[in-house]
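Chain IDs A, B, C and D follow the sequence of writing; residue 1 opens each chain.
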Amino acid sequence: MHRYIIKRLLMLIPVLLGVAFIIFAIMSVAEGDPVYQVAGPDATEEQLEALREEMGLNGSLIERYFRYIGNLLKGDLGVSYVTKLDVMQLYLQRLPNTLRLASIAMLVAVALSVPLGIVAAVNQNSWKDTLAMILALLGLSMPNFWLGLLLMLLFSLKLGWLPSGGAEGFTSVILPAVTVGVGLAALLTRTTRSSMLDVLRQDYLRTARAKGVSERKVVYVHALRNALIPIITIFGVQFSNVLGGSVLAETVFAWPGVGRLVVDAIDQRDIPTVTGALIMTTMLVTIVNLLVDIIYAYVDPRIKAQYTK
Amino acid sequence: MADNAERVSKLYKKRSSLGMAWRQLRRNKGAIIGMILLIFIIAGALLAPIVYDYNTDVIGMNVRDRMQWPSAEHICGTDDLGRDIFARIVYGARYSLAVGLVAVLIALVIGTVLGAAAGYIGGAFENVVMRICDIFSSIPSVLMAIAVVSSLGKSTINLMIAVGIASTAPFVRVARAAVLVVKDEEYIEAARAIGQPDWKIVAVHIIPNCLSQIIVQATLRVGSAIISAAQLSFLGLGVPAPAPEWGSMLSAGRLFIRDYSYMTLFPGIAIMITVLSLNLLGDGLRDALDPKLKR
Amino acid sequence: MENKGKEEITDREILNIENLRVRFETEDGIVYAVNGVNLKLGYRKTLGLVGETGAGKTTTALAMLRLVPDPPGVVECDRLEIDGQDVRGMSINRLEDVRGKDISMIFQDPMTALNPVLTVGEQIAESIEIHEHLHKDEALKKAGDMLELVGIPRARLGEYPHQFSGGMKQRVVIAIALACNPKLLIADEPTTALDVTIQAQVLELMTELKEKYNTSMIMITHDLGIVAEVCDEVAVMYAGKIVEQGSLEEVFGETLHPYTEGLFNSLPNIKNRTAWLKPIHGLMPDPTDLPPGCAFAPRCNYATEECSASCPALKNMGGTHFVACSAYERDPDFLLERRRKNG
Amino acid sequence: MKKKSLCLFVILSVLLALVGCSKGSSSGSSAAAPAETEAAAPVIESAGTVTSTGSVKSAEVDETTNYKDTVIIGIANDVNNLDPQGSNTDANMMVFYLTHERLVNIDPDTNEVIPALAESWTVSEDGCVYDFTLAADATFTDGTPCTAEDVKFTYDRAKDSSFAMQKVADVVSVEAVDPTHVRITLSKPNQDWLTLMAHGGMSILSKAACEKDPVKGPYLGSGMFSLEEWIPGSHCSFVRYDGYRKGPAPTRRIDLKLYKEASTRLIALQTGEIDVCIDPSTTDLQRIAEDPKLDLIQTPNVVMLYMPMQMEKPGLDNVHVRKALAHAMDKDSIVFAAYDGLATIHNNYINRGQFGLNPDIHVYEYDLEKAAAELELSGYKPGDLTFHIMVDNEAKKTAALIFQNSCAQIGINIVLEEMETAALKGKLNDAALDYELALYQFTDDLGTDYTLRNQHGSTMQEDGTLKKNGSNRCNMKDEKFNEMLDAALVETDVEQRRQDYYEIENYLDEICPIVPICTSYINIGAKKGLVGAIWKPDAKHDFRLIALPE
């Protein structure tokens, strides 16, 4: 098991380097010379040249990339063109908010989807199943920022129950978390249902029933534990979507998270911030996926055994 | 005797794959609803230029008629520049569908070719392609698309490219997996034995065999591509104004959501219905074409 | 008073089923899986339920435990008693007490019958925990005993099913089924999925344990050899009906039904190794579309037009021997080819 | 299956019913809409005193009232740089008023230069040497004294700052005579120079702090507040400096919180999350006026919206094309749709309230026939020309859409490019001058000469070519214009100088380098009872004395 984890960690390194390179390369072809955003209206040619040097804009793409990675390893993501602040610091300021939003959104999604998926699967083809599936389909088809707007319209503008923006107090997280959570819940409901249906067909549940295990325990202990395996996988994959989806929710609800940082930085053409935040976020996603794989191995003894050998 | 044989053959026919797929699809009410809705939407998109004049009805403004609530004259109301929202939504279908389709087409072509090649060639090439695929899929697709658009600049084409690139990885996976399954079948061996070139084997024998999975994947992806495009437009990174793209209409309506909620309501419903119909159809296709995934 | 009288009557039977009918209502039509089965089984007896795949044997067994999935399954019967208890109207809670304690079942495929994410110890102990209301540790200890009983070292209690071979898994399944010393054990083709060498071992183990615990058993199989070896009574099923029923000697020695004969003919003849096998031609009828008359008629060598017209009922042919074949109604002296040859 | 379709039907009907409901329920407000349009005519609320310069002063702080510890201000644009010499956005300027001081200030009542860090000053006969006497007890908010050395350091640093250098271009030397005396020598007399020195970009920095930390050192000033916490994109908070030499501010803590969406910002005000909402959406003004707990503060601003035309771009180098575009600018509709009627059409080339504003300026009225005629004169055919126009906010986008629509009718194709303010600024500042049109604004009221010179002037280089000045977005290089400006600058007769500027404006009007569009209103929503704030027409509000009774 340890070897498995170590192997996965080693495999992570080229992926992280690749992720950094792709984002770095994409951001490097951005039009316009960023030096003009930093320089004031009256900058002279010499000042511009000096600034270019200072901003690390000289040299070829590969050169700049390796310089960037070198700095990254030291925890230095460069300095924002706009605020002149350390990008790592900006990122870390926002990260807790994003993690808070993402984790609560995940909780919302799980709380909505797993019971719904189970109910749908256990009552396959009944009205409960149909209703759950229609809800899931609607959730899947609804752009989450639109849902966010509707929720905001209803719960904060019309009813005034919840704040429409900001990140203060617990209530402020509810609407963005529901917004992000619903789309994910839709997907997870479908996964839970099909995974449960798959498991509910299995002979070992009949074995369990035949030995007198109560139906409740059959579903929630015997079936669910097996059904969880694909759900966990989707969960890991979806974490990246939650972070992506939270960009929209953060925009709608003025939630000061990483997504908002990226979007604002793009608007301000603050390339170091965009690059740094994207690279850090992607690395985070990659690491979370690794963690999910490891958890996966723990939940499913078959996989664990495979790697222990 | 004869009876029994007939019955057996009837049973067998029931299970023949294409016929069954169509039967399945036809019986799936959801898929039919999706298909009908989709036909309506596509027809609307195609007919829009006949019914509406782009310059006067869609982008032409009548500032004095701004912000009118839905009425008989403007069934979805007018926006902040006095443009009829219904005309813009109908016309907007052209953008959303075009962006969705082209983006998926980009992803499909690149993804299928790369995936099929990876699966067929194998070895180091496969490894490199799959690792790159891993890298791409670990970048959240919204962020990826944002990065691409913000780097290339805002335009309809760039939006398609961005959404396309961000949804390529799944196609690579599907194509590769399908090829791996088919690759070692005997008829491929046979084709190889009679000296058919590799590209021809892939194009003639392998790709058609994984087509059903790719079609399913593509149908489902068009929906999410439309949402991605709308998201980018919402963030101001999509189709430039004054084009009536649904996402940018939503974004514009957001400023007035408090008093003029219809401005955000209708474009949102348009996106939802379109994506819903694609999902319904995609689900139906998946159930019909891909028995493995059948619930 | 009445209850007491009833108990006395049913005391002799561990199982009593009358007119069991099971159908599955699917989108493709209604599948008539079991169509009026009557079964009685005495204590410590073993019944062989024989028939080809799809005859409704497993469904019949599942119906006894009320494990037929609903929907789409619909189960109807006039009587369903296990050890004198009416299972038909039992509450779910009561039913869960009966399952695993009074009646338990060994399933066909040991590969899929065990939960892959629970240790075998947990799976055996679960049954003990439920029925004997023991603490988890004690249950686990007893599970170890059971494991040893089926010939697996106790140390493997904490292992997962994938760490066991097929035969070992079947032993685990048997251990689960016997953990609470049930009065009736249903074994659904317990050896079909196993290697031939293992088959004998497992079979031996089962008969041994059955003797030890005084368990009644229903052995579902299509292997007449197994029936001959372990059963006291035999019921032959075809298309959801029992077509012939009787003691082992009656059915094997004085075969009455053409289908039973067909089954025997499908076996290789040990005495005459050069003889051709005589398999039953054709397929079992589509259970969604059963013929109105005798379901076996389209495949039957003796069939006349009458056979396709009306459905024969199970009739006593002397002793405990029953058969459902209209040939005997038309001609009381009708003899199957097999018996004509044997004399 | 039947059940499934039934379910779907039910859900869809519920959805439709919901839509129907929201339509129905809001028909009330639809009826109210015309009323709102009528009320759209600008009304200046009496929530403060309007000064002659257009600033609105809230009532003054009253000694006997208890004030809240913290005032939270919802701002629309992020504070993105706390170095006074590192940026020039309005949001940042508001911060520099809190944390820093300049040598001099502008009196919001009279628009005159008044003492600040410099308690007094003298000007030499030739108008070139300024002697400032600094307040002896001036300290930075970390307690260290603020001396002449710091002033010298600041002015020397400004010479290297691309944002501040234009303002100190005339400064030849800065000399710290003794800790409280600074002598600044200019290369030539400049009537507007002292006004320039009141600009937030000329805030006095601490030499010691800047040398210790070049990035964060400039955050330290000698103002009434010091920086507490700054999270870009979220908020920026300040705490009162109790050692301020003229006594501490009435409020202990001021928090500037960013709410990008105007509607969200107003909701935050209504729910009490914030105390002041800067720049609410114009559609929401009625709502503020009707809210008994809120005050609406309105004053015409000097944020002049205009469209620069990059005069070296093909097509735009033709004066008839520029005039055609000017005639195609439907200012009425822009005021109506982009500003909900809350704006004043502007036809001059200098700002409202500036000296020398020509009241009889020729107007390029909205007339598509005239526009088409001009286009014909230019030699271009309808359909020949495509221009890109850059915009950075919703109001400008709306204006650009209206402009685009009008231009389409005379056969000029306009392509919108939306971008964030910083990006737009970057494009405008880019030496490549790779843009055609933009909607931009200027808020200078630092003197007519500075405005005109910065907006349209150019400087002779050593090689004999003209280089456009910093804010010259139209890239106009006209020697005659520069000479007219130079003449006006040294003119001592006020009336003559005024006439000179009239002439200059007429001259500009003929060249038509920009299309002035409108000035709008400063709108502020605040909790009732708010005192001490000075709402300035240039949108760089002064919060130093802001306070809210408990």
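Keep in mind that, in the parts below, a contact is a pair of C-beta atoms (placed from the backbone, for glycine too) under 8 Å apart; a residue touches a chain by one contact, two chains touch by 3 or more.
Nothing here was measured: the structure is a model prediction, and the numbers come from that model.
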Closest chain to global C-alpha mean, per-chain Cα centroids: A
Compared with chain B, which chain's mean CA position is the farthest off? C
With contacts defined as at the top, give the pair, A-D or B-D, that has more of them. A-D
Per the C-alpha means, the centres of chain A and chain D lie apart by a whole-Å value of 38
Between chain C and chain D, centroid-to-centroid distance (C-alpha), Å: 89
Could you tell me the distance, in whole angstrom, between the mean C-alpha positions of chain B and chain C? 52
Take the average of all CA coordinates in chain B, do the same for chain D, and state the distance between these two points in whole angstrom. 45
For chain C, jot down the residues that touch at least 2 other chains. 27
On chain B, where are the residues touching two or more other chains? 27, 30, 236, 254, 257-258, 261, 265
Please output the residue numbers of chain D that touch at least 2 other chains, ranges allowed. 1, 4, 8, 261, 263
For the complex, which residues does chain A have touching chain D? 32-34, 36-37, 39-45, 47-48, 80, 82-85, 90, 93-94, 126-127, 130-131, 134-135, 138, 156-157, 160, 163-168, 253-254, 256, 260-261, 264, 266-270
Residue set of chain A touching chain B in the complex reads 14-15, 18-19, 22-23, 26-31, 137-138, 140-143, 145-146, 149-150, 152-153, 157, 193-194, 197, 240-241, 243-245, 247-248, 251-252, 259, 262-263, 266-267, 274, 278, 281-282, 285-286, 289
Please give the residue numbers of chain D that touch chain A in the complex, ascending. 3-4, 7-8, 11, 78, 80-81, 83, 86, 88, 160-166, 215, 231-234, 257-261, 263-264, 267-268, 271, 273, 419-423, 425-432, 434, 469-471
Okay, in this complex, where on chain A does chain C touch? 125, 202-215, 222, 225-226, 299-302, 305
Quick one: in the complex, what on chain B touches chain D? 27, 29-30, 33, 55, 59-61, 63-64, 66-70, 80-82, 154, 236, 240-242, 252, 254-262, 265, 269
